[in-house]
Amino acid sequence: MNEQTINRIRKFTEDRDWDQFHTPANLAKAISIEASELLECFLWSDTEYNIDEVKEELADIMVYCRNLLDKLELDEDMIVNAKMDKNEAKYPVSKAKGSSKKYNKL
Amino acid sequence: MNEQTINRIRKFTEDRDWDQFHTPANLAKAISIEASELLECFLWSDTEYNIDEVKEELADIMVYCRNLLDKLELDEDMIVNAKMDKNEAKYPVSKAKGSSKKYNKL
Amino acid sequence: MNEQTINRIRKFTEDRDWDQFHTPANLAKAISIEASELLECFLWSDTEYNIDEVKEELADIMVYCRNLLDKLELDEDMIVNAKMDKNEAKYPVSKAKGSSKKYNKL
Amino acid sequence: MNEQTINRIRKFTEDRDWDQFHTPANLAKAISIEASELLECFLWSDTEYNIDEVKEELADIMVYCRNLLDKLELDEDMIVNAKMDKNEAKYPVSKAKGSSKKYNKL
């Protein structure tokens, strides 16, 4: 997300005085609820989905993720790279290639 | 997310030949499951959470969101800004300021 | 669920003094988290699932639903029948037969 | 849930020829989505919720749980009691009393 988009999200919250509702716990609920709305796009069919609805629900998730990053003063690239370090160790190419098994069943 | 991080995520998937599992429907499930793991950090208490667990779960969500953006060839800033256009229209400052009501109850 | 099973669930909570954690909001989180664990059984494949894991996750959901019914002093059959009244009205057989569309798109 | 309510749910599905959509994977998605709608009742406040909405969302979850039990030919009391056996072993009263910690952190 570029700085302009990030600032737009921050201003949106600020203008509405919504920071008071954005506790980490509430934002976690919000992300989970939006993720379920994304899932609903694929409820009865994996292949016949409405791409416009998918775009909107995915955007909602990413906006709330940005709110949570801001709230906790986290750097997106830093936490993602730290997790990728772990993922790479948990799923070595030699074992995980072509397999959808969870790391503890590889 | 910067280009280097995005490329790392893409390479991770590619090296493991996991693109075959990354249908939009499966990624929607994955995002929803990771969002629930984030929520679990706040299950019995809103305030006593483990920040390291929160970071990891939030990172997992963002990695799968990136996978879905890639799969559907979407531009993150474009879809977020399109949604922010809608949000700004649905929640005018004059009505929404200081209120946590849903737009259809404002 | 028969009375014996219901009483076992109640005694389990009581013996551990867990009623203090069972606010309606926390139980809603718990149900959502367990529902995601059920979903995880079907994450990368719709057909190759572990039936023993499915049974356990489904049981977890139903236990927390029972906790919530108890907490709010609700009668399961009463609320389900009230919702079925609505469902039958929203999805008339003539329109809904053989269709997976949501009522507002029928 | 009594036999009459269970039969009403079965007839509802049958009359609409919806069994074709009720794969275990789809029902797991449906349960997860409804659980999120229940969670949404508590999104910005743990205490100011609409009890009528809570009842409806909880009923939706239980209806889909019933659909899944039927689909997999499972007995509700049997799977719940099997899980309670495990829960009682994982959370001995002596260790778990008054604590909201997960069993692996007790």
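A, B, C and D label the chains in the order they appear, each numbered from 1.
Here, a residue touches a chain if its C-beta (ideal position, glycine included) is under 8 Å from a C-beta of that chain, and two chains touch if they have at least 3 such contacts.
This structure is a prediction, so every number in the text was calculated from the model and none was measured.
Touching chain A and chain B together: C, D.
Interface repeat of A-B: among C-D, B-D or B-C, over half of the contact pairs recur, by residue number, only in C-D. Over half of the residue numbers at the interface between copies chain B and chain C are found on both sides, making the touching surfaces mostly the same.
Between A-D and A-C, more contacting C-beta pairs join the chains of A-D. Note on chain placement: the centre of chain C and the centre of chain D lie 2 Å apart, centres being C-alpha means. Inter-chain centre distance (chain A to chain C, centres taken as mean C-alpha positions): 25 Å. The multi-chain contact residues of chain A, meaning those touching 2 or more other chains, are 21, 26, 29, 32, 35-36, 39, 42-44, 46, 100. Residues of chain C touching chain D in their complex: 1-2, 4-5, 8-9, 12, 15-18, 20-21, 23-26, 28-29, 31-32, 34-36, 38-39, 41-42, 46-47, 49, 51, 54-56, 58-63, 65, 68-69, 72, 74, 76-77, 79-84, 86-88, 91, 93, 96-100. By the touch criterion stated above, chain C contacts chain A in their complex at residues 29, 32, 43-46, 100. For chain D in complex with chain A, the touching residues are 21, 26, 29-30, 32-33, 35-37, 39-40, 42-44.
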